[in-house]
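The same chain A turns up in both complexes below, where it pairs with chain B and then with chain C.
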Partner chain A sequence: MTDPGRAGLRRAPSRYLWFTLRFDRLSARALPRGRAAAVAGAAAAVGLVLAPFVLFTAVWALVVGVTRWPEDVLPSPSAVARAFGEVFAKGILTVYAGETIRRIVLAAVTGVAIGIAAGFVMGLNDWIAALLNPPLRFFQSLSGIAWLPLFLIWFGFSDKTIIVAVWYTLVFPVAFNTMLGVRTVPRLYRYAVLTLGGTWRQIVFQVLLPGAIPYIVGGVRLGIAYGWRALIAAEIVVGSGGLGYLIFKAETFHLTARIIAGMTAIGVLWYLTDYFLLRPLEEATIERWGLVYR
Partner chain B sequence: MRAKISVERIVHEYFNPSTWQRVRALDGLSLDVPDGEFVCLVGPSGCGKSTLLYLIAGLTRPTGGRILVDGREVVRPGRDRGMVFQEFAILPWRTVEGNIGHGLEIAQIPRPAKEETVRRYVALMGLSGFERKYPHELSGGMRQRVAVARTLAADPEVVLMDEPFASLDAQTRNVMQEELVRIAQHERKTIVFVTHSVDEAIILGDRVVVLTHRPGRVKASLPIEIPRERRRWDVLGAEERFVRYRQEILRMIREEFDAQERAAEAVRA
Partner chain C sequence: MGTGLPVAAPRAERPAASRPRRIVGAAMALGRGAVSFGALFAVWYALTAHGWVRPMALASPAAVASVLVDGVRDRTLLGHLGVSLSRLVISMVVAGAAGIVLGVLVGISRHLALIVEPLAGFFNALSGIVWLPLAITWFGLTWKTVLFVIGNAIFFTVFFNTLVGVRGVPRLYEQAILTLGASRWRTLRDVLLPGALPGIVAGIRLGLGFGWRALIAAELVAVTQGLGFMIFSAANYLRTDIILAGILVIGGVAVAMDSLILVPIERATVVRWGLYH
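Now for the complex of A and B:
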């Protein structure tokens, strides 16, 4: 006899595991405790994250207060906050941040796909890995920013240049980690599935891919972090919108407070992405997969 | 009757990167296993027992000779030859159910039939209540039972087992041995079982094959003529034939072990 309730439950984790994990955990954490307790817990967590920044700002305010440097050299935190409010009220911040986000999403989605595919090819084939390894390491030492002059000649002052620079930075860590992940999957897992009648397709999708997931996710997190930095740098050079352009343009008018406000926006955006998207993804896969040997 | 598995003058060499030498693991080994037979392989460690299983499974290609299963030469692994590995080779990202049902999934068995089979093996292997657990949440013995269940659930005609019970505690091992014999007889599986334990070989095997030291060949082949119903741990000690088989097999392994030592000394000198 099949218990219908269990049969329905059983289906979810196997196939939709990747997507459900995070929500499982979040709800599991929030539900059993009372609403008030959950809110208090969340507030405590936020407080802990903010505390060092509050301290930093206090020291900054103190330095400004004591030295009394002119505002275009080192503006006070309150001046920066005013500048932030101004760019926000004028709608500049939203438009420029939107540009930046659009670019990172575009570059990340395509770059991660390229990186994973390249990493798989290298992980599966020893010859290709041996052949590609030295040149890849050589090119990895050249940061995406070092390529910008060349990209500018090839692609002009356009979005293309920016995206390619971000790709360049992002693809290497993703590809290397994927390769490493594929190679660390024990050969015995492959053997076991082969003796169950598995085809090479099944080996790739049921053994190598899930086995490499923790590495891939780690590589993606690292790659997007590098890509984010390259993006800001590329925006400064190309100068067609985005937060990088915002802070660079502010320099020509000596709007120091606006520069710092832009930098803050860049940092906060990254922190939120990492904290709410990339880190939970990494933790969830590694923990749930049981690949961390405790 | 034609042999189910026919190993014909197999030579196997591999390259050992740490000593920079070619090692000959098997040297012209021949062995026929009739359909439905339970054969146990014993021999001094490093004699190529596991290598032979890998070759029959098709996971490694032999340097020379050939292996036929049902008259067809083995060139690659296949669903007809299941294998239980010495190390737990179950997938850590699949639950107990997911692992046991993996072979059925690959064979595209419809869901109800698959779930039915999985349930049967979960119960058989004493894994009830652990269906949704992941391997890292299980004990070593349970993981190995999952591995055995996964291979049997896929219903291969030939089952290759590489010391599958070595890491189990004595009680579990005895239960598993009895279950395996029951399944083998009931479903008429051809089983090649590698073990270090001479007792285990005599209890399980229709025949015990003793291999020589490396490079391995067949030293002796002993049909075990103790009736199945008398092969229980509680009554076996009193069985005179058991004691004789045991002495004889241990003597042969000892001979090979000594010969191996002498050969090693000769190399050193």
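Now for the complex of A and C:
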């Protein structure tokens, strides 16, 4: 990671850091000499990323034009765009997307906190880790969706069922990665701090947490990726609002264009979250702690 | 790292212990597992045996065991299991092969990568269950819908892991064999494919995990056979014994796939050749 664009990175105001990182990365290919060149380079890079999507849409339009399949089998890109405009204008999209986002944020914030706490307990105490490891492995390999019928009986067709299913998928990767991260910090550091009269509080917050951060962030990213899929699946099955429900409901009315519009919304939402939030977060911590893998 | 996709991290090797120590270690691990699962079982038993929880909310271990035994005896459970497994195997063979082929192609061609990678990244974010409504419009409530959804989940996982595997092969090896006069095909066969094997095996392993999850989710909604259907239809009648039996089987299959099939494959190929880099 020695490209010239990185030099100014650390001085960037922290709340813009993720965005700066992202565009910085895009423009890095063009070796920016001046501001104009950097802007042109970024534009070219964005174009390079978008071009395949344009090509894909063109091929799709061509296929529809040639085969003339009925609209409820494969709608044209323009029909999907119209459906998108329609759900947006009626306010359905905003409400349902809002539901989905609210759920993932709620589940992610609480689930990550639980996972990190559990990971720390297991990372610090070998006995607890050894005891909890086998059942946790079993439950992890069992998807949250398999529990959905039971959650439905316990919590009904409600928000609670969905949130619990997302939690279930999200907590394990976070907990296991945190545990791994805590364990990678050499014990010597702990002993050193203790010998110097440090408290456990200091060890946790000033030694273990910083040391484990790259792993924790990796776990969070993986956990949210799993949780997002579980969320969509749970919304399809439970059916109380959200983008998953939107596309599943559209299927019963054969509104194929609306299904694809909803899928696009789901994909774009995830892509943006990953590209602008999770990945820069991971890269920033990995880079900061010198764990560059490339 | 850094691809943003479910790619397995390389594992550190432990130094080999002597035989008696290994046996003691294995026994200890088994003992710890027995303790923790035993505690879990005791809690479950206590909750149900004393009537603290109604059977409608949580069936007793005995009820679940009898569902399992009956299901095996009258073949219903075995039937659902067989249907689910065959769906997984078929989609693994088709989608896994496609993922490996495309992963290798994109790994060796920079031009192809420019087009395919952004698209694949987007569709990976969309993979699996999100396709269910569209798959239902295309294929109806049939096994084809389930195969499409599982295949979708498997394909992208295998594809990206293969890609990372191919890219992880140092260019120097490729150039060395080319300098020695090897053909492009020999580079592929003798350098790139073996070098990418850890990635490919990791992809198949993760893909089976993802595929199994997607399979259960798809079966909940789309079909009238299979383990997912079994537990979801049991929920309508509040039969928590059937649900829990199904959950145990689903989890058991996931664990068995990993420890009985994939770990030995890995040991026989990747680990033996010392290919973890």
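Throughout what follows, the second predicted complex is superposed on the first by the 248 of 294 C-alpha atoms of A that agree within 3 Å, B and C clash if a C-alpha of one lies under 4 Å from a C-alpha of the other, contacts with A are read in each partner's own complex, and residues count from 1 in each chain.
Methods note: a contact is a pair of C-beta atoms (placed from the backbone, for glycine too) under 8 Å apart; a residue touches a chain by one contact, two chains touch by 3 or more.
As the structure is a computational prediction, the values presented were derived from the model and not from experiment.
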**OP:** Applying the touch criterion given at the start, work out whether A:87 contacts chain B, chain C, both or neither, answering first, second, both or neither.
**Re:** neither
Original post:
In the superposed arrangement, which partner chain does A:198 touch: chain B (first), chain C (second), both, or neither?
Top reply: first
**OP:** Decide which partner touches more residues of chain A, taking chain B and chain C as the two options.
**Re:** C
**OP:** With the two complexes superposed on chain A, say which partner A:210 touches: chain B (first), chain C (second), both, or neither.
**Re:** first
Original post:
So, does A:141 touch the first partner chain B, the second partner chain C, both, or neither?
Top reply: second
**OP:** Could you say whether A:186 touches chain B, chain C, both of them, or neither, answering first, second, both or neither?
**Re:** first
**OP:** Using the touch definition from the top, say if A:229 reaches chain B (first), chain C (second), both or neither.
**Re:** second
**OP:** May I ask you to decide whether A:251 touches chain B, chain C, both, or neither, giving the answer as first, second, both or neither?
**Re:** second
Original post:
chain A residues touched by both chain B and chain C?
Top reply: 293
Subject >> Interfacial residue positions of chain C with respect to chain A in the complex >> reply: 1-2, 4, 6, 29, 32-33, 35-37, 40, 56-57, 114-119, 121-123, 125-126, 128-134, 136-138, 209, 212-213, 216-217, 220-221, 228, 231-232, 234-235, 238, 240, 243-244, 246-247, 250-251, 254-255, 258
**OP:** Can you check the complex and tell me which residues of chain B touch chain A?
**Re:** 57, 59, 76-79, 81-83, 85, 87, 89-95, 97-98, 102-103, 106-107, 112, 115, 132, 134-137, 147, 150-151, 154, 156, 160
Original post:
What does chain A use to touch chain C in their complex?
Top reply: 48-53, 55-56, 72-73, 130-135, 137-139, 141-143, 145-150, 152-154, 221-222, 225, 229, 232-233, 236-237, 244, 247-248, 250-251, 254, 256, 259-260, 263, 266-267, 270-271, 274-275, 278-279, 282-283, 286, 293-294
Original post:
Any idea which chain A residues touch chain B in the complex?
Top reply: 2, 7, 10, 13-14, 186, 188-189, 191-198, 202, 206-207, 210-211, 213, 288-291, 293
